[in-house]
Amino acid sequence: MNSISEIAKKLLDENRVSAVVGYSIGSLPNKTKTVIVKSSQQAEKLIFNNLCVNNLAIYLTKSFRLTTQKPVAVVMKGCDVKSVTGLIQEKQIEREQVFIIGVKCNGVSEDGKNLSPKCYSCKLQTPKMYDILVGEEEEKNIEFKNPFSDVEEFEKKSLDERWNFWMNELEKCVKCYACRQVCPLCYCEKCIVDKTVPRWIEPHTSKSSNLSWHITRAFHLAGRCTGCGECERACHHNIPLSLLNKKMAKVVYDNFNYQAGLDDKAKSPLADFKFQDKEDFIR
Amino acid sequence: MKRKLETQITLNTLIDSFSNEIKTLSKVNAYECYQCGKCTAGCSVGDFLEETPNQMMRLIQLNLRDEALNSKTPFLCATCNTCTARCPMDIDIAKVMETIRILSEKEKKKNVKEVSKFSKIFLDSIKNHGRLFELGLTARFNIENKTPFKDSELAPSLIFKGKLSLLPQKIKNRKRIKKIFDNSINEKKGVE
Amino acid sequence: MNYGYFPGCSLHSTAREFNISTKAVCSSLKINFTEVEDWICCGATPAHTTNHDLGLALPYSNLQLAAQQGFDTLVAPCAACYNRLKVSDFEIRKSDEKKNRIHEITEDKTEADISILHLIEFFKNDFGIEEIKSAVKNPLVGLRVASYYGCLLVRPNEIVNFDDEENPTSMDEIVSAIGADALDWSHKTECCGAAHAIPKTEIVLQLCKKLLQAAENSSADCIAVACPLCHANLDMRQNQINKTFGTKFNTPILYITQLMGLALGYGANDLSLQSHFVDPIKLLTRKNLIPQLEKMNREN
Amino acid sequence: MEEKILTSQFEPKIASFVCTWCTYTGADLAGTSRLKYEPNVRIIRLPCTGRIDYNLIIKAFENGADGILVSGCHPNDCHYSSGNFYARRRFIVFRELLQFIGIDVRRVQFAWVSAAEGAKWAKLVNKFTSEIKDLGQFTNYQKIKRDIFLEEAVI
Amino acid sequence: MSRIGVFVCYCGENIGRTVNCSEVTQRAAKLRDVVYSVDYKYMCSDPGQQIIKDAIKKYNLNGIVVASCSPLMHEKTFRHAVVEAGLNPFLCELANIREHCSWVHDDKRNATDKALDLIRMMVEKVKKNLPLDTIKIPVTRRALVIGGGVAGIQAALDIADGGKEVVMVEKSPSIGGHMAQLSETFPTLDCSQCILTPKMVDVNSHKNIKLYTYSEIENVKGYIGNFEITIRKKTRYVDDSICNGCGICIEKCPQKKINSEFNTNLGTRKAIYVPFPQAVPNIPVIDKENCTYFKNGKCKVCEKFCDRNAIKFEQTDEFIKENVGAIVVATGFDLYSIEKERSDNYQGYGEYGYGKDPDIINSLQFERLLSASGPTLGEVTRPSDGKIPETVVFIQCVGSRDKSKGIEFCSKICCMYTAKHTMLYKHKVHNGKAFVFYMDIRAAGKNYDEFVRRAIEEDEAIYLRGRVSRIYREKDKLIVKGADTLIGKQVEIAADLVVLATAMLPQKDTVPFAQKLGIGYDKYHFLSEAHPKLKPIETNTAGIFLAGACQAPKDIPEAVAQASAAASKVLGLCSNDQLEREPYVAYVNESSCIGCEFCLQSCTYSAIENKSIVNSKGELVKKVAYVNKGVCQGCGTCVSICRSKSIDLAGYTDEQIYSEINSMFV
């Protein structure tokens, strides 16, 4: 797997990219950390292993100012590339601005033991889009799971059970907005929660304003979230944010036959319509 | 329509659900038919019909179930599919004919005796042997139809030319064909 | 490709010559077909007009047999068998519910993923018209052939779609390839009356009369067919037609494979030309189209 | 027994977001035709259903609405051609989200009411009002809203 | 600081009967920021309006709420009054306490409370209202007409007669369109050429019309009032400024046997040609494909004989720019063909022989056979052998109303022209027999049904109700196999000639053309009107109008009527230097817009564009959305699609609506 650092070295030596964003050995056991390598001497730090769970697409958003002049190279798994597709689709970056070092992934782990839940329903061991590809694909011995199984399970609960569940979960939220900061598709420079004229979402934490925030977050990601799970990992109160995101993905898939992050030319489903969209709920 | 309709058309006959029955059985919505008559125009057996194909569709549209099931048209249909192929509304008229014919047979309506007899004997023949025994079929049909000498001039030269065998061909696994017949015809579900 | 051969009932009896000539053509062109073992009747028209499920189960059972015997493609020379096999395959592929029902009926869970070809379709798409052309030894120069497709080869077009449903040309292409004149005539796809031959003979007589008249109008020497029932109706009943309508038709009806056989060098006996009611041998002799050295050819 | 009296006295608060071209005009027609309906609905006029953001609905709930009625032009009748189609998509998704979170979507009703359908509007308001009366006050949401005031009081 | 005035109207008894207006007035006075509150019997009357005007001045009001009838009724009235008092009109709002309150409720208590709620909502809203200015857009007071058929000609003449300049672009060498090909017209049977050619000449000679024939639209930029058009003038190889149309070049050209498009391939033309003798302009075109010089490098006979040296073999395409304020699209129709190989998605008719038989023709070809200026000089003969047909079968609805071929609509004019054909045929071939296969006779129009009756009763056309299943040739005759469903029998006719009334389709390549203009089209590629009932002339792009059969099948009177309607729209638009629009348009907060382009994708009117923001050094900082105020119609769809709330709609801002919601329930 050393080839990533070799590729990085080459790219930096040839002055083709301004930086290489990748993974290096973390300071905690069973964790990796992100490095932004800007000189070829540092390129050796770059690694890839089954602990590289994080989605580095976030470094492509404008706030990091990495893509301004020269392209930036990023190490990406198949699932991460979906976020890049989303960013291209939403005109946040251009394809030429990013050099994708695609890695063939055989599943990653958050704790070094168990496979990350997102890997069970992954069909993108090889990225759909890349500039160079490294790694070997192994025969996956994982039973493929319906990505929406937990959503379907949750939908079986009664209305009150669902409401109480979310009230309990959302009560924990302290509005630190880590979920937002870490999401590669929450790239707005000024988020709706920071807008004051008018103030759509109260800034303090209360069940009601937390609910507004989480409805907003889920809705804004409907048809866009690629399911990388960064938000849930970032939440230090372990609110099951992925469940909401997956529900949105399911609704969009069921109704509009659309999956986020697969086509950078597609219209986003909520900025689009079809004459035959269902309307059985409309009187 | 040469035949006189026996049913008085009243509100009750009109609101029957025959069209729905046809829709369930053949997946054809009879109300898509706008009575252009192209099916009739191209019908191979048009000369022999009392009700033309578009009139059959009309009977369904008006829910005149008895009239449709008593019609000879579905039995005279040669299943050539010309109507279906040329229908501007993409209606599978041949399928509708087939469906009415099956319903009519099932309910023992009056129909074209020779045709249903032929079908029955034909199917008996393959049920027994697995393959068609043509001499047996023709002979039995002519006897049952009381036309013993029909086509008799053809038989000797057919046999002479080696085209009609005097004994049926039989398949080895005759259970297989029995099963198929028993399971599909004796099914409680019936037609479909 | 592993081609299975499904002759059907007629090719073992009234249409023996179709079977014989097909086999002759295949051996000359080095085509390898294996007959599906212990096949059963496809049910023809009576089955599907009596019971929808029966009409699907009988052909499907044959597909299952073919699949069990390791074939991936099934070639049927009989247009009726071909049509029923195709319809059954189409309906069952379309709906899982139907498939389960038919599996119940045949008491067999074999998944029959088999492509079904008519013999003509096979010649045109799999074998190649050019290949046929290059194998011709005895081009049928000067023979005016009206190709008669009938209903079952072209309709319904969403299911059997290897050719245009209103103006099919595949048989004509073969006719041209073997050196004969392919006539563009009006009744290529009209119906001959089909299964009404026995129960409603009068229908068949009238329809066939129109067909023969159209062929005569286009000054055809003979009619080429690829369906045993069409053949039987046009050939066997030609005399009855003449009697009934006072006409004087004397148009030989030949299976397309018989014409191909002639072009490939076979003689009258090899192709069982004598077994027709309307004798084609006179016509072919007059046109000097029967190979003289038939025995030598056979030995080769 | 007590509860029953309470429910019969309960007058639901219903917020309605409508487009100006179809439903607002239709509601005007209900007026000019002197059709009578329940007084519980408060209409907010917007140019098009395309303008009706989901935030507005949340905000109305936060302000104590027991039910919300969203209405605009029938498909293909939109004054702006397709605003209602975008709205329809938005509400397909939004409804599912609410349901998932445990909010009874019977409290959020969508309807197509054309400028000619004054009678439909009157019927709709009556039916929806009685449905909300049956569902009762939206205490779930109002309770969590009350939390804020408690917190504010503490501060 | 808001100073709001509330004015409560009794509307005679209309409001006062169920709403306690004086109570409402008193309670409204206590609302926050309301400094004045008053009631009056008829607020919309002169004295009522005067009360408002006086109060504005006296109490220095900066927000007005009139509690009265529906804003759709009197918003304009009160805003006008407010302006007279020197206040911005958009600081006045109406609380609808009549249609939405007093008229629909019986209970006085409820109605009064609700009226106050409605007023409170409006008071809160009006506090957030901003003074707005009507939008003024400069207008280039000239128009472009695309297409030189009868619709285009009518539109151009009407606009030009109205005193505004017109640029007309026609893709073929002459104007006239399909109408020039017709023989006579229904229901009066007057000669088509006789009524059309004078109009064609008018177009050419009108001082306000600039005509570009043999030209196409290359590019369209801009928006209502300000379009910039690039026209491609295709190479004629004849200098139209020198040529005087003497025709010697045509006479001498050796290439004779080229199918004439104008004569629907029934006649021939030369390689240098004018489409027909009455063509406007009367200037020939060289058909490069068939010209001997272009094919072999030798000939140039035309050049030799032209004494004005107008033949220019070296000519190339020319690009011309024109600025206009409005566009009329009149690109017309094309006929469905029954051929097998087609460029569009439709199937041909195999059962009618895929168009291979020369004696199965379409109705436009039959028009040419009937026309006195046609290839047979008006004698009806059949194309195969020149014989006069004694039996002609007309078949209606070929392609039309045929779901399986992909065309579900009715082509509308075929019933009428087929009736006309039978009459004209009978008038020319007295012993001839005309048969018509029809499904329904759709002859709705002034004198239309009478016309069809005449064809049947007087000119002996035999109408058979049914479609035709097949046509095939039997020696000299075409056998038509149809049915008459009224009698329930098959019908077989041995005909000499078969005329198919084929479906009317839009011109080929309408889609790329529509995309160039940014206007919509339906699934058949007919151009879409902005509203099927109330805006049948407009398109969704402001300033672009439709005329004629490019929108849907139409006959001549309808096409002409629509053309005149489009012309009046253009003249209305061009009557002022500036265009005034209500200021309800979207605007972008550029500091927070992130440029995701969702608004751009969802805008029906293509009113949103990209805008690059650069810093002082000229470096690109970011791209944001930009709303073109001239094009935006103010639906607000973009507002709800924007996640960061960076786009808002003037008059219906988030703040205004937010305030309404917040004050909705007490």
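Every chain is named by a letter (A, B, C, D and E) in the order it is written, and numbering of its residues begins at 1.
One rule holds in what follows: a contact is a pair of C-beta atoms (placed from the backbone, for glycine too) under 8 Å apart; a residue touches a chain by one contact, two chains touch by 3 or more.
Note that the structure is a prediction, hence the values are computed from the model and not measured.
Note on connectivity: the fewest chain-to-chain touch steps from chain A to chain B number 2. For chain C, the chain whose average C-alpha position is most distant is D. No other pair of chains has as many C-beta pairs in contact as B-C.
If you average the Cα atoms of chain B and of chain C, the two centres end up 23 Å apart.
Centre-to-centre, using mean CA coordinates, chain D is 37 Å away from chain E. Spacing of chain C relative to chain D, judged by their CA centroids, is 68 angstrom.
Each chain gets one centre point, the mean of its Cα atoms, and the points for chain B and chain E are 53 Å apart. Residues of chain A in contact with two or more other chains: 192, 200, 270-272. The residues of chain C that reach two or more other chains are 165-166, listed in rising order. In chain E, the residues that reach two or more other chains under the touch definition are 351, 602, 641, 658. Contacting chain pairs in the structure are A-D, A-E, B-C, B-E, C-E, D-E.
Put simply, chain E touches chain D in their complex at residues 70-73, 96, 98-101, 103-107, 110-111, 113-114, 117-118, 121, 520, 530-532, 540, 584, 602, 604-605, 633-637, 639-641, 649, 652, 657-658, 660-662, 664-665.
Residue ranges on chain B touching chain E, taken from their complex, read 1-2, 34-43, 46-47, 51-52, 54-55, 82, 86-90. Chain contact summary for the complex, chain D toward chain A: residues 54-55, 58-59, 62, 75-76, 82, 85-86, 88-105, 109-112, 124, 140-141, 144-145, 147-148, 151.
The touching residues of chain E, counted against chain A in their complex, run 591-592, 594-599, 601-602, 622-623, 641, 643-646, 654-655, 658-659. Considering their complex, residues 151, 154-155, 159-167, 192, 200, 202, 204, 206-209, 211-212, 215-216, 218-219, 222-223, 244, 247-248, 251-252, 255-256, 269-275, 277-279, 281-283 of chain A touch chain D.
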